[in-house]
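Should a chain be cited, it is by its letter among A, B and C, assigned in written order, with residues numbered from 1 in that chain.
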Amino acid sequence: MAREAGFVRPPLSMRKILGNRRISLSIFIGPSVGLVFLFYFIPVILTFLIAFTDMDRTLTWRFTGFDNFFRLLGIGVRDPIIPRILLNTIIYTLGALPVTIIGGLFIAILSMWVHSGVGLFFRTVFFIPRAIPPVVYGFLWAWAFEGTRYGLFNAIRAALGLPIVQWLIHYPMIIVILANGLLGISLAMLVFSSAIATIPQELTRAAEVDGASATQIARYIILPLLKWPILTMTAWHLMSFLNSYVYIMLITGGGPYYATEVWSLYAYHVAFTQYRYGYGASLTALLVVVNVILLLLVLRAFGMQRMLARGKIEV
Amino acid sequence: MVIKRVTKAIPYILLLLIAAPFLTMYIGFFLRAFGERMVLGVIPERWGVNNFRFLWQPIAWGLEKTTMWAALGNTMLFATVSGFIVTVICMLAGYALSRIEFRGKTFFLVLQLILHAVPGQILLIGIFFLLLYIRLLHQIPGVALARAALEIPLGIWMAKGFFDGIPWDVERAAMIDGCTRFQVWYKIFLPLVKPGIAAVFIWGFLFAWHDFIYVYTLLPGTIKLMATLIQNLLATEVVDYGYLAAMSLVYSLPPLILFIFLQRALLKVPIFGGKGAV
Amino acid sequence: MRLRTVVLVALMLVSFLGVETLAGGDETITIRAFVVGPGPMGVKKATNLELAAEYLNRFLEACGAGVKVKVEVEYTELKWEQASEKFYLDFRAGKAPDIVTLRETADLAKGGYILPMTKHVQEFWNFNYYDFYPNLWEGAQWNGEIWGIPHDISPVGIWYRKDVLRALGYTDAEINKLLPEDGNTTLEVVARLAKEAVDAGLVEYGILHRPSSGPGLYATLLAFGAECYDPEKGVLVLNKSAILQFLRWHQDMVAQGVIPPTPPSWATIHGTFVEGKTFSTWASHVGTPSEWMAQYGLSEKTLEEDLGFLPFPPTEKEKAKGRGPVSVHDFPLYFVTSQSKYPELAQLLIMFATSPEACAIHSAFSLRPPYRASALAHPLIKDNLYIQRTAPSAAAVRPVPIHPQFWDYQKRIFEALKGVEAGVVTPEKALEDLVAWFKAEVPDGVIIE
């Protein structure tokens, strides 16, 4: 039985039974549309409007047209750090995304493979980053890689008689990628393992009986059925990494000397150390545009349209 | 024989190798919670539970005192309600997106993701203005709804995926038996997507659990939350890391316990090697 | 004269609280205040307002006024930025308190959030404000008006361990001559002693500075003669040669093993200093010992005998030019907000909350120096050797410049410093980048060679 992870069109025979669509729609999708529209969409529109003002801490609306955007693009040419920041953003995002997706898949599949108690243990271990308060998670990484012998890994090295390493001077980008990637894994693994759990056991048992190895089962049965969750996680985390700056701020502060300063962190520094909300909103707006473009590219690459499109289903 | 044993052991070894450095970090940090007056170093020289004194002693709160339990209770309530709202709404929407055909579905789905592109700090200003204009500012319902609305977009994507996995036959049988759509959703689908419910609930719960800046700036006065207690500890540069570790440990336990509980209750037995693996 | 003023105050209270309240029973007027720590050490700033209300109520009772004043103080231990954001949002929603303690005088004044206190200060100058250290008013003024009352000073400076110097063979007399409490020495002396300590293996770190930008950074820059602000023109200044000196010196210190290549975390800085593993920390202020004692187990004995403090001394070059020792602090003020319904009452409360007694209470608790001279004779602190010893630091402290881009500028300098110390960029290149940024982002700034 072939199933596609995507919209499954009801066969003609069922249409009559399914009842009035409008009422169904309003019950099912009404609340989410209402809530998201009111409390999320409208604030986002307001944020875009703020980008055309010079709003500061006084929270007054003073429209200044495209001034912020001109400044942004003008500054981009003159500030010598900008090319570095763009490069950093690309490296960081392209580094963290695979860590999250591949790592998440790996952990999810492996943990479902082993003894269920052991699997649960490891899933819990990888869930810990999300259970710890975010600030503490940042502090934890900063402390673990502190360049003195009082940081965790250097303390271990010192105990073993090895010299201490200035982790944050020599490997700041890798550390920051790992920290954020690990955090992404906690969500990805959760979603993937839940999705795997909904796969009927008959499918995998049948394959096993037929002599398939675990790797083959993983590759040919599980992965294709995870297309939608993988798409979701990739799209989501792509944008998360483009926009995230909190952990980078806590671990390296963007340093040393802008080695890990990414676009979102720079925007935060520029706008929020001076409390120029209008300018900050314009930087955000630009970032959103970039986000949307990349998002659409990713969705296209995954064939989302096809996933949603009417497909031939064998009933 | 040996090869088979070794191959069986590989996933365990792999998992252990990947998890080891991180486990070291967590253990190293939380060990400090059990050290007396420990400032530097990893292994406590003197062990003690003094850092956990907030469990039985009142904590300074402004000019008065409170207990950690009050803060924990508030946080639990806030997170559970938020998680519940998010789960219900997303499960409803996920069903519709999976089973009902309507115009603008793709646009709706893509829009959800685009919303995620706006980072939290600046969005706070937008939400502030919204709540101000609709007069829900400084009211718990307004802030709770706003908080839930922020987690719904991803929840919808997650939920849709889970609903897609259910074959039509199931539904057809139920419909023929005379169920309405809602009944089908409630009686048939929900039990089948339990792992999905778990995932979405954890998602909604977790972000409300850790939320600080939204609740603090959008509600009046001082609402006692665990997140505020943690922030208070970090406000000055002279941080008592043992105390911080102890409080973080306690703060992290409920989500962990929830995660384990939900995973055990709602995730099925592993799909590989059904023989003897329970 | 005092009695006359007290009666005057009481009559003022009665008159503007309304004649009709004299009739019926006790009416209560509630004044709300929002006081920021941050952290637990600042709690007396809040309780002093409650104390002020108690005194006011006694006057009112003595007049038979039938009115009571109640102060509802919300004290928060959160950081300045978080509390500040909350205040701005609350104000915009119409729910601002009557009294607030914040630091951003110019922003608040410009935006109409607070009321000027010039008239009040003039009226009660001889009663209460005459002995506040004059330099403090500089940080309370903007655009020709006084906007708030100083009440919490933590001058930054250099802490060092005397026991390490003694172990090197210096006598106490020599120590006092090399590193006098008034800062009349040079930065090079501090560095030399730090190097001796490191070379002798007595300490792990010679000098540790802040891991983030802050007043200590500004003070160090001033010690090198790098003025960052021109108060007359109100613009930022970039002194290229001074900043280059500043960067090169730090690079040299790292090369000599006196300063580590990355600034350690706060816990390590405080912890190693308290345990004697660091010779000198440039990351703290006069009041920090109270926190060291509370959190990190510093004993009073050690504080008295083994720790020394001095404001940042100038470099030899700058001393030759006549520059003196430097200390700065970004201190908060008691402000009266423009949404207050009883501004004069709020001002009076603030006045009583900055009395010599209130000042002494706050000093005794937090070990921060008093901001007014008469408090030094108050019974609460007149026998506190530490406070008496460190009191002059408040008289010499400089407020930080009031310019919206000032801290952004400091942050850029700090990033350059971190990069130079880490060895990923040369001082010359860092300066070049800094100048390029300055020219782009601070168009009205002045660059000196």
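Rule of thumb we're sticking to: a contact is a pair of C-beta atoms (placed from the backbone, for glycine too) under 8 Å apart; a residue touches a chain by one contact, two chains touch by 3 or more.
Quantities reported herein were computed from a predicted structural model and do not represent experimental measurements.
Interchain contacts join each chain to each other chain, per the touch definition above. When the C-beta contacts at A-B and at A-C are tallied, the pair with the greater total is A-B. Centroid distances from chain B, each centroid being the mean of CA atoms, peak for C. The geometric centre of chain A is 41 Å away from that of chain C, both derived from CA atoms. Separating the CA-averaged centres of chain A and chain B is a span of 15 Å. Residue positions 59, 143, 150 of chain A each touch two or more of the other chains.
Annotation for chain B: residues touching 2 or more other chains are 40, 128, 231, 234.
Looking at chain C, residues 89, 92, 267-268, 271-272 sit in touch with two or more other chains. Those residues of chain B lying in contact with chain C across their complex are 37, 39-40, 60, 62-63, 128, 132, 137-138, 213, 216-218, 220-222, 228, 231-232, 234-241.
Interface residues of chain B facing chain A in the complex, by the touch rule stated above, are 11-12, 14-15, 18-19, 22-26, 28-29, 40-42, 88-90, 92-93, 95-102, 105-106, 108-119, 121-123, 125-130, 134, 145-146, 148-150, 152-154, 156-158, 160-162, 164-165, 167-168, 171-172, 175-176, 180-182, 185, 192-193, 195-196, 198-199, 202-203, 206, 210, 227, 230-231, 234, 244, 248, 251-253, 255-256, 259-260, 263-264, 266-274, 277-278.
Per the touch definition, chain A reaches chain B in the complex via residues 1, 3, 5-11, 14, 17-19, 21, 24-25, 27-29, 31-33, 35-36, 38-47, 50, 55, 59, 103, 106-107, 110-116, 118-120, 122-128, 130-136, 139-141, 143-144, 150, 152, 155-156, 182, 187, 190-191, 193-199, 201, 204-205, 208, 214, 217, 225, 228-229, 232, 235-236, 239-240, 242-245, 264, 268, 271-272, 277, 280-281, 284, 287-288, 291-292, 295-296, 299, 304-305, 308, 313, 315.
Of all residues in chain A, only 56-60, 75, 78-81, 142-143, 146-148, 150-151, 166, 168-169, 253-259, 269-270, 273-275 touch chain C in the complex they form.
On the side of chain C, the complex with chain B involves touching residues 37-41, 43, 46-47, 50, 73-79, 82, 85-86, 89-90, 92-93, 95, 266-268, 270-272, 274-275, 283, 288, 291-292, 294-297.
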